[in-house]
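Just below sit the structures, each encoded as structure tokens.
You will see chain A twice below: alongside chain B first, and alongside chain C after that.
Right after this comes the complex of A and B.
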């Protein structure tokens, strides 16, 4: 007698796993969530990396959680609150720093930036609903109403903007910066933000759309009160309140397949949990290649999942500081971006293509302790930075590359914050390989598969698994590797739950 | 007198347009600034006894429909297919390339058995993508923002083309169009030299590296041609690439058209919002009911049209049109046949493309130099010796060697090229060849070096871009050259454009010229025996 499909097991307690589990449980499914580590949150957690210093596990900001997740899970009632949206301070070598809030900034390009921001935001608005839909099918099987509304929404931009969107949708962000802006600081910021988390340089075609996607996720970078860990805690509580049984410290060793169907999982230690549906919010390749295995899958599908590109190019820096750093007077509660120009971003990308470390990396710096002093001892600070670009498969080997990357990163920081190095109590740099080891993100890519046009929508993670279901009956995908990708957002998990509910309805 | 059409520029597209119009009964006149015809499809004797194809050097993409319609073989055009080539590897090895699939496969197996098997699947997949895109070449792109019946019908035609494929194939095609050639090849192959060889077509003439997304499409752009129906084959025009434009001119004259050389256009005359003719550099006017520019879109509108006649948005877009040159050219007269010791004695590969870039990484590093405003220190060269097959271009026993070089930027670190830069560029290229062919430099009688500077000054290609505009999606199909003006028309009535700045782009295809003519004839209601561009195939 097979286990009823109303009994669901979700593997992976990151943002997407939690969102998916909570939505299924709220609809009456009996949901168990398995998380390998001792706490939920995945990339959104928190860690004491030096005695008394707490840093975000990986992500140090969210560009906005999916609004459906926030509302339906009532995350505010479970303790989630955000600090006021962060402004961005763009540091420059010689020139003064520049403050940017959405479309507002100062300097020669103030008007040009506002106009560009308005145009790109309009594009992002018409594309945003795609994030909340299942990927469009290239066949007559779409729910036509939603798609037609979508198409009309895009055309409603008006003839000129519609044409402009079609021109710009696959353009590279460097050319846009060159065409529309003259201030290197803003060009650098645009280039940096577009390529954050991607394996692309600003001159790579298809890079602007990543910026549109970023705007579609949310207009402003947000920091939860109490640190990123507070977000994970709130989501965990909300999931539990929705009826999800959360089992931490439960690493899955194998997905059990019987009669060409996923019927449950075997945990490390041998326990077998049998359910009706298995939903993996883990990396799609890990799920299919390691937990399922080639024997249970179609050869073509297995190969295709092997071809999904998962190159991470971001390193994560955590610094414990004795004292307060000074970035030439920059507001320490802002998001500090060091990307002197679009060319500088491109030059930081070049060596990574060959497995080498850039001499002058670009980065986004946050001081979580400036917002929540409790994260560091009194008078001390925690500095975190996403540093780009770092090779995912360094030719020189991991140890040497990490040391070089750390040195180069500290040099850049020192240049913009003289004296900073002398404040460092402890430094930790996670290379893409470290991120893979710690969070199961293959290649260290935080989207569990590069977020690139050719791996979006109906091609994410692969054509045959793009609708959250997989060719293996009983197995679904719900992680960032699925549409619309990751970034502490929850949309993938939420959409996946919707697809599961629809399939069973 | 007033012509029915004045065509500015005697490049292949200008001549194609002119010929079709003349055949439809129009009185046409082509004016050309140089003392010779051809534009970038040209052969010239620049060293006594040696004819150089000194711009484009091989042919494949030229549309067979145009050859038939304009009876070019009758007017002397002959395309000689050539056999493969070779990639020379650092350390003395080589990868042979052959036109024959099975020969190629055997050669691949020498480097990787797995890759030889993958090659079958790869060739099948790429051919499928080619078949899909070929019919679009001779069709005017629809305007997706328009609700005119003609545009809607054309969009539906495109939809039906997609509809003929399986859903998975459609998804894969979208993926192919948007990905990088490096990533695409990684799905099939493991051998760096095989990947390096196959990536070449994706970077030729393009300001992209093999790791740039969108480069896989450029591969298709070079694969969708054919020689005598052999899709993907390339050949030499007998007597040099100028034979193409010579045959076109003969065809044009036979239809009553006129070509005037040495008559540069100073200005396109616009009266009451209509183009009415051109003013030549010598002050003469040539009047016409319509003016058709074979010049690139930047040159046409920013140099030869009064800006006040054009809408601001259009001018802004034309100014932002990306036309960065990425390549140079060496034309070399050789005293004797060069020897490549890596090749077995008598190997046929010397009659094809010779490359010295044995990995994608080397190519990409060459592109990094270009981005930094330098020519590649270790450049990619596509070296050919057309006279191995076509002895008509040089004295017996001597050879003409053409080297297409990538990457060469339009400016060197922000400033103009100097003669010293040009010489350094030449030496870099010659030294690379010498490495793989000892004694090569001693055989050299003469070298003509063409950097983007020379290409712009002589041929008139802005920034030396050989395609009259880069081939990225923001400048392809309905975006080429400018959204809203992709149907060969311009904001000025009776001013048309027919060069490679328009769909489907460059590569000595003739398709822009033909499509433009079809649009004009359609508008004039004079079909002249030419089928509507929308129904060519």
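Right after this comes the complex of A and C.
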């Protein structure tokens, strides 16, 4: 007798897997969550990378953790609280540093930045509801009501703004910076934030939409009290409270397919767990190519999932510091962005196309220990940085590229914070390949598939699997590889659970 | 510097070209799969007559061929094609097809099993990108071998006799089986297959064996009136046999430009091919859903009154409502009837009120005919000698 579909298995205990599992469990499904590592949280966890120094496992901020997840999982009751939203300090080699809080800043472009921020935020508000919807199909089972509502939202912009949205939505962010701004520091910030985590330069087509998506996620970068690990802990507790049985240390080897249906999984070690539904919050390609395999899937679909672009270009730096760094007086509780101009971001991107390491990488620097002193020994600090761009296919080999990337990154940091290198107790740089090995993010891309306009909405991860269901009955996708992508957000997992419940699958 | 001249001879010549060009007194050639192929050697009626009454040879070299080898050959072919390749014995052949994810036909063809892990696919169109994409995740190698194999079709009631006279004893070779025979210093493969719906064989050899074999066969077959035939005569025979041709009777899904042109095997009368129980294959889920709701189109045989070919005609329901179209039609000399192969929308098929509108060209002037048609079983022409064992000797 088949296992009832009320019994669900969620593979992968990252933010999306936890959100999906919790929502299904709250609706009465019997949910088991399998996580390969010893703790849940995935990219949102925490790790002691040097004795006494705790760094985020991967992500060092949240920008718009889905409010539905925060509220329905009652994450506050499970211990999640945030520090006040971080301001951004833009460092520039020549000029003074500049502080930015949302649309507010100073300098010659203060008014222009506010106007641009207002305009882009209005566009982002129009696009934001899409993030919480199952992607619509243009033919077939149209969700006309949602589409109409969306249409109304867009029409509410007014004719001129709507025309402006259409003009801008697929434009590159460098052109926008050139059109609207004159201050290189702001142009650099705009270009950097748009391309953060993407395999794109500011001059690449369609780069602005990533900035709109970032604004649609949430305007403010937030840091959980106690560090990113606190978020993972809170989500784990909330999922357990919702009734999810969490099994850590349980790596899935195969999805078991019988009678043209996914009926369970086989764990490493041989144990077979049979369920009614299998939901994978892992990478979609890993799920379909390695866990399911070609024989159970149509050739066109299998090929398409193999062609989803998954290049990561972000490296992650963790420094243990014996002392307090000084970024020319910048607020150490702020998000420090080193991206002197849009051109500088573009120049940092160019080498990765040829498998090379940029001489002057651009980066986002956070000092978690400035917020939570307990993360480092007294008087010491932990510095984390997302450093772009790291080559996804290093010509010189991984070891050499990692060493060069670390050296160039430390040089840039030293330039903006003289004396920083002498404070370094221990340095760790995760290249995209390391991120892939550690977190199962194929190509080291933290969205489990590049977030790019042609891989969004009904094309994410591929057309035939864009609505969280897959062509294989009984198998659903719930990870960042699905709409609307990743970034410690939970929307994909939450939407997937909604789609499963709606389909009464 | 390399001097490029390939554009001066855009069509390739087959290994039989020295003989076919000498025999082609009308110089009537057409393109087929990038090769020159004879449409008619001199007299299409005599060529057709050779197929049905004597022995005919047709140059099959342009047929596209792929060799599939490897440990997962059976699993690969079962995922790729509609029938169960595992049930096909070594030394046997079956007619099969393959579809895209949406269950729409990409092509049909014959699958030859040469060994436990070695198959040959023969088909009309080229499919290497699709076959390679389908190979991802399987331990197989796929190679196009069209140019490595020369093939000659020997068809007609005297074909077994001609082969015997040529020293190839095919008396124990059953339909859809193949065997190897020594020829010269090497050997050739002969399969009891064909595209005429008659007793017939296909001979597979290396390109170097092509001309000696042609000469040997023509000499041995002379007493039985063996003659080379062109595509025109073959087309008439295949219509009588009710066979369909890719890009003539259906548009392969990968080539279709218009969204409504691709057809599923269920819509093309090939539903019998589908092995639903062999496990998953590409298109299976889409085809299951289609079987559930019923196919939109049906491929049927039609008996058309009168003697004017209905080629290219539109079909009507109740003389008014467009219901489908004829993909192939001919006056059949064997049946003394006008027959047609047509695609008809399923909803009009049940009403049984189908008409064909034929524009009959009569000395530069078209006469419009509206004739009632009757759906009939295919094959239209189905002689017992096609299957008889041992094969008919004459």
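The working rule: the second predicted complex is superposed on the first by the 503 of 505 C-alpha atoms of A that agree within 3 Å, B and C clash if a C-alpha of one lies under 4 Å from a C-alpha of the other, contacts with A are read in each partner's own complex, and residues count from 1 in each chain.
In the analysis below, contacts are C-beta pairs under 8 Å (C-beta built on N, C-alpha and C of every residue); 3 or more make two chains touch, one makes a residue touch a chain.
Worth saying up front: this structure is predicted, and the values here are computed from it rather than measured.
Looking at the shared chain after the overlay, A:137 reaches chain B, while chain C stays out of its contact range. Judged by the touch definition given at the top, the superposed model places A:166 against chain B, while chain C stays out of reach.
Contacts of A:335 after superposition: neither chain B nor chain C is touched. Using the contact criterion defined above for the overlaid structures, shared-chain residue A:346 touches chain B, although it does not reach chain C. In the superposition on chain A, A:471 makes contact with chain C only, not with chain B. Contact with neither chain B nor chain C is seen for A:214 once the two complexes are overlaid on the shared chain. In the superposed model, A:296 makes contact with chain C only, not with chain B. Taking chain A as the reference chain, the count of touched residues is higher for B when chain B and chain C are set side by side.
The interface of chain A with chain B overlaps its interface with chain C at residues 464. Looking at the complex, you find that chain B touches chain A at residues 144-145, 162, 167-168, 170-172, 174-176, 178-179, 183, 186-187, 208, 211-214, 313, 320, 322, 361, 364-365, 368, 371-372, 472-474, 478-479, 483-484. Interface residues of chain C, counted against chain A in their complex, comprise 75, 79-80, 100-101, 130, 133-134, 136-138, 279-280, 282-285. The touching residues of chain A, when paired with chain B in their complex, are 137-139, 155, 159-160, 162-164, 166-172, 175, 179, 200, 203-206, 307, 309, 343, 346-347, 350, 353-354, 452-455, 458-459, 463-464, 466.
Interface of chain A with chain C (complex): residues 260, 289, 293-303, 306, 464, 471, 473.
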